[in-house]
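Before anything else, here is the set of structures, which you'll find just below.
Two complexes, one shared chain (chain A), two partners (chain B, chain C).
Presenting the complex of A and B:
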């Protein structure tokens, strides 16, 4: 559909892709912090709160300047965070319900202000839906510059307070004990969040910006336990979905940018859920299967071992299948387990439908399962 | 035209009532975010149904949307059980993903799917009277009115029949299980109720505001009462009041009705949060100041009483030394002394030493005896 050469030939596309990539990667990093702090609802609140800010900026200035919209978005985002900050310390259920409600109120306020703005005679052509789902990816150089400047500004507090942010996210009690001011770090995080949301509102839209901050770290989390790799992967996934989404929306007529990016991010997340090593659902499924099999192996061997104590007079006393099955009725096929034991040399088939444990098997049980078998 | 207005008001009030009832259960089940998530997924169900049924008021659409919403919620529950991620994080991507898919379908196949994104997200309340239910040629009023009215009735009946079960499942699901109530299925029933209410309210209020319609009245009502049963009367009342006020102001300014209703509800919440007696911020602050004053007076009285018994009151009970011994700032000490004098608890003699009046003595003794 599109080749790498195509990107550099086409100036508009290059700009759009660069903007989306930059935005995706900073969202990945901010989102990781939000995920560690478990503040998904706050993220959503700040992004919804951008809508009335944009509307107010639009009504007051009556221009179409993106910079002014962003300032408006930041101001209402700040207002939203300040408004909920006393509630954050409350009980969790209590906090959730008020956050959800305030989120909805901010959105409605935005709608009301927009319909008000559109009823004015000199209203510009900016429709509401461009802010819901982002603009088509005919981005301008000025947009890219704005995103780049915000990214630069976000990196300063991130680098300065990196250690404090991490400690507070992982262990707030320890952070407080080591003299890190919780309010200061909350404020730094809020500033980063507000800046990031403002940068993304133009491209991804108010309704989906929250998902842009949630998806990449969630996907990255499935692949690693290391915080550095987590951040790197999260930024990478954010960047990939940004690039893929905006490229798709550029090439397919009428495809809105924001949803395209979120669908890409969502697909990456779902793929990670299923196929990530160690944590992914497929891996867990196969591991539990193989664990079940080996557990069955040891269980049957234990049965043979215990049975062999009944017949100490003879070395290879064959025990009938029905006896083994009745002592340990496994869901898995006892025949296959027995034949596997035979190939491993731990058991031996002494007759038709009769098995016995070998000296190796006894040794295995006595050495490896000393704690369990008496 | 007056008739049409009445119809709009009636529709929106019924929506508020239908939404407020499951909302009460949701906020106490700590599932309030659920109302917001479900509204993201509903759109995909509506769009999907459109491909097969090209008729906007088909019951098939309501069913399809409700089922998609429930599937989305079950999917989130399923992944949550694997402990790969926190529930709100999973919901934070699954539901926007479905919303994005719906928006993409709408914008790619706009000719086949005749839904306006604006209308889907904001509701088209002003146009509800245009779409009428007609049976055998009789005009029975707006379709939306019947739909939401029926759901409000269903919700009320459901709550009435399963009130005990729902209450028990929400507050003590462990006990509900031992008592044989199957709280899991009751909660699923609640989810189904919320899904279908959301779908029906979707047309009236739009996506995000439906969440507010569900949560808002219940949140506000929870400030007014501590009795669970009362919530079911206060929450719908709050909803209806904000509908009436919101409709009036939206009509005056010519702006989005559903948006204005939610804004009014937000304002009511803000006022409640500040001023409601007992639980509001102002009441709490006043109560705190009162308690502080009372406690300080008690301390002062005990201090004076002790030193009057010991007999060193001349040295320790002067105004200056009180503030030194009790470690109070001098203006705070003065205000406490003034307050106690007003209450006839103590007096000041000519040498600047405080002494207890009979009332004060009794109160100090009472405190020490406690």
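Presenting the complex of A and C:
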């Protein structure tokens, strides 16, 4: 069975895990950048565009060197980015439509070329079909080296141009007005993206690389509003899903790495969407419930307060339920609200089905009104 | 100019030089001037043949109906859109290398307020232009940012995420970001849009402080009621330049008719100016869009 010891005993697995972890964390960071720039479709485009690149590289060189395949993937990725660059300033609706179309074209081209490439005698040996969904068994030391070198190269522009990347993502107009050239920064981002996709196509595969870049930042975003923590969490989630996914795929015969990793990343994202504080769906649901309840409380108290002005001679003058209900019809049960007001000491039940505001309640309302006047 | 010192050809040269000298001296008092500035989007002119000057040290309103090219004018000065014709000079020199003297405050609605950065981080972006590429903001820029936040009464919110602020507070930190830039000219696009009364006062007081410190401030403004109260200089625009100068000279009924006239809004606009009470039509129109 799987245990912490045979991770280190098993050389192949160690390499596969290290590669997936490294890849996951850089994808987390690049993905965060793409998310902040709202360029999910560009991410998908570049990963699909790798497909024809790999096929062409194989057809032309007839090699099984992964490095050559990756160079092919990078070149077509670059071609795709250059092709869509005039669209960057276009309106979002247009952009999405055209991007989706170009993406499909690249994908179809990739499938056509792959079919052709697989008819070649050395296709099975070169293992090009693993580029669709990724494969852990091809994780050799040389592949880990490729990932490590790309990660190193990606971290340089990320560190150097972080400030510019951030301001362009947040406020491109202001960035341009402060003399930061949009074209240069887009080029830096494109280079980072293409590099990251090339690093990932072996382990995760062309089909799911886009998801690898989308899921970790999406999950991380649910937990924090701080960009530094966001980057850290995104890298962490990417790394965790990388490790878990490749371990899973190693132990289940015939399971490609890509889907395994993405399932793990998807699980993290799903949990984050539901259970994260502040942004998570559960939290939002309970907060809106409690807000509704407190809004109801104040509304009914206000009704009682207004009614009490009719009878200034008495401290407690009961008003029937039907009157209160008709002045302020609530969706929630008015009885429960009234009893909650009673337990808080802001209202009191004076008779059967009759309620009145207490002096504390009046004081509360008057303070509340003072707040409004201010 | 007719100062007779020489005769014949020499005199004509002297005259010519005197004129250019005068022109030069006059330009010294001008922060920004444009000549024949024309900008078009898809063959539809947004600005047509604009000759205008923003004198140094004024608080100027840029007013005009919707689609008059107010924002386009700012964008052209900043080099964000390319003019089809004409020249822009900043402090007497072609605008290309002079843009570092300008701070810009875009419309608040331009950015994604859900962006995961703190108020201080956003204000620090104002220092990026002076830092240049690669350099990171240091403690000096941090101090500057905090000072700017203090100026607009927002220093206690420095660690909050920008999306948690109200519209008025967001506008104030936008202003703080422009203040950090330490510029000589401030170009602002509707800084009063969607803010409450108190914030409007804070903003206009900050702008006045800037002007009193010798800075030049040009503001795209839509509320005709407050133009005379807030500004001392105005440019009235409707694709073409209608009028420019001291506010009282610009805001005449005739000029306003030229700018806004023909539209159904004119009657109520006139009403606005005479009574000063009815809600400005331009604002109402804006909401419709």
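Basically, the second predicted complex is superposed on the first by the 356 of 374 C-alpha atoms of A that agree within 3 Å, B and C clash if a C-alpha of one lies under 4 Å from a C-alpha of the other, contacts with A are read in each partner's own complex, and residues count from 1 in each chain.
We take it that contacts are C-beta pairs under 8 Å (C-beta built on N, C-alpha and C of every residue); 3 or more make two chains touch, one makes a residue touch a chain.
Since the structure is predicted, the reported quantities are computational estimates derived from the model, not experimental observations.
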Combined model on chain A where chain B meets chain C, clash or fit: fit
Touching partner for A:53 - first (chain B), second (chain C), both, neither: neither
Touching partner for A:318 - first (chain B), second (chain C), both, neither: neither
Touching partner for A:259 - first (chain B), second (chain C), both, neither: first
Partner chain in contact with A:215 - chain B first, chain C second, else both or neither: first
Touched partner set for A:36, first chain B, second chain C, both or neither: second
Winner by number of chain A residues touched, once chain B and chain C are compared: B
Contacts of A:238 with chain B and chain C, given as first, second, both or neither: neither
Chain B versus chain C as contact partner of A:195, first or second or both or neither: neither
Where chain B and chain C come nearest after superposition, their Cα distance in Å: 10
Chain A residues contacted in one complex by chain B, in the other by chain C: 38, 221
Touching residues (chain side chain A, partner chain C) in the complex: 36, 38, 160-161, 163-164, 166-167, 169-171, 173-180, 221, 224-227, 230
Residues on chain A engaged by chain B in the complex (per definition of touch): 35, 38, 40-41, 43-44, 48, 92-93, 96-105, 107-112, 114-116, 119, 128-129, 132-133, 207-208, 210-211, 214-215, 218, 221-222, 252, 254-256, 258-260, 262-263, 265-266, 269, 273, 279, 281, 284
Touching residues (chain side chain B, partner chain A) in the complex: 26-28, 30, 32-33, 35-36, 79, 82, 84-86, 88-90, 92-94, 96-97, 99-101, 103-104, 107-108, 110, 117-118, 121-122, 208-209, 211-212, 215-216, 218-219, 250, 253-256, 258-263, 265-266, 269
Residues of chain C touching chain A in the complex: 78-80, 99-100, 102, 104, 106, 110-112, 115-118, 121-122, 125, 128-129, 131, 133-137, 161, 163-164, 177, 181
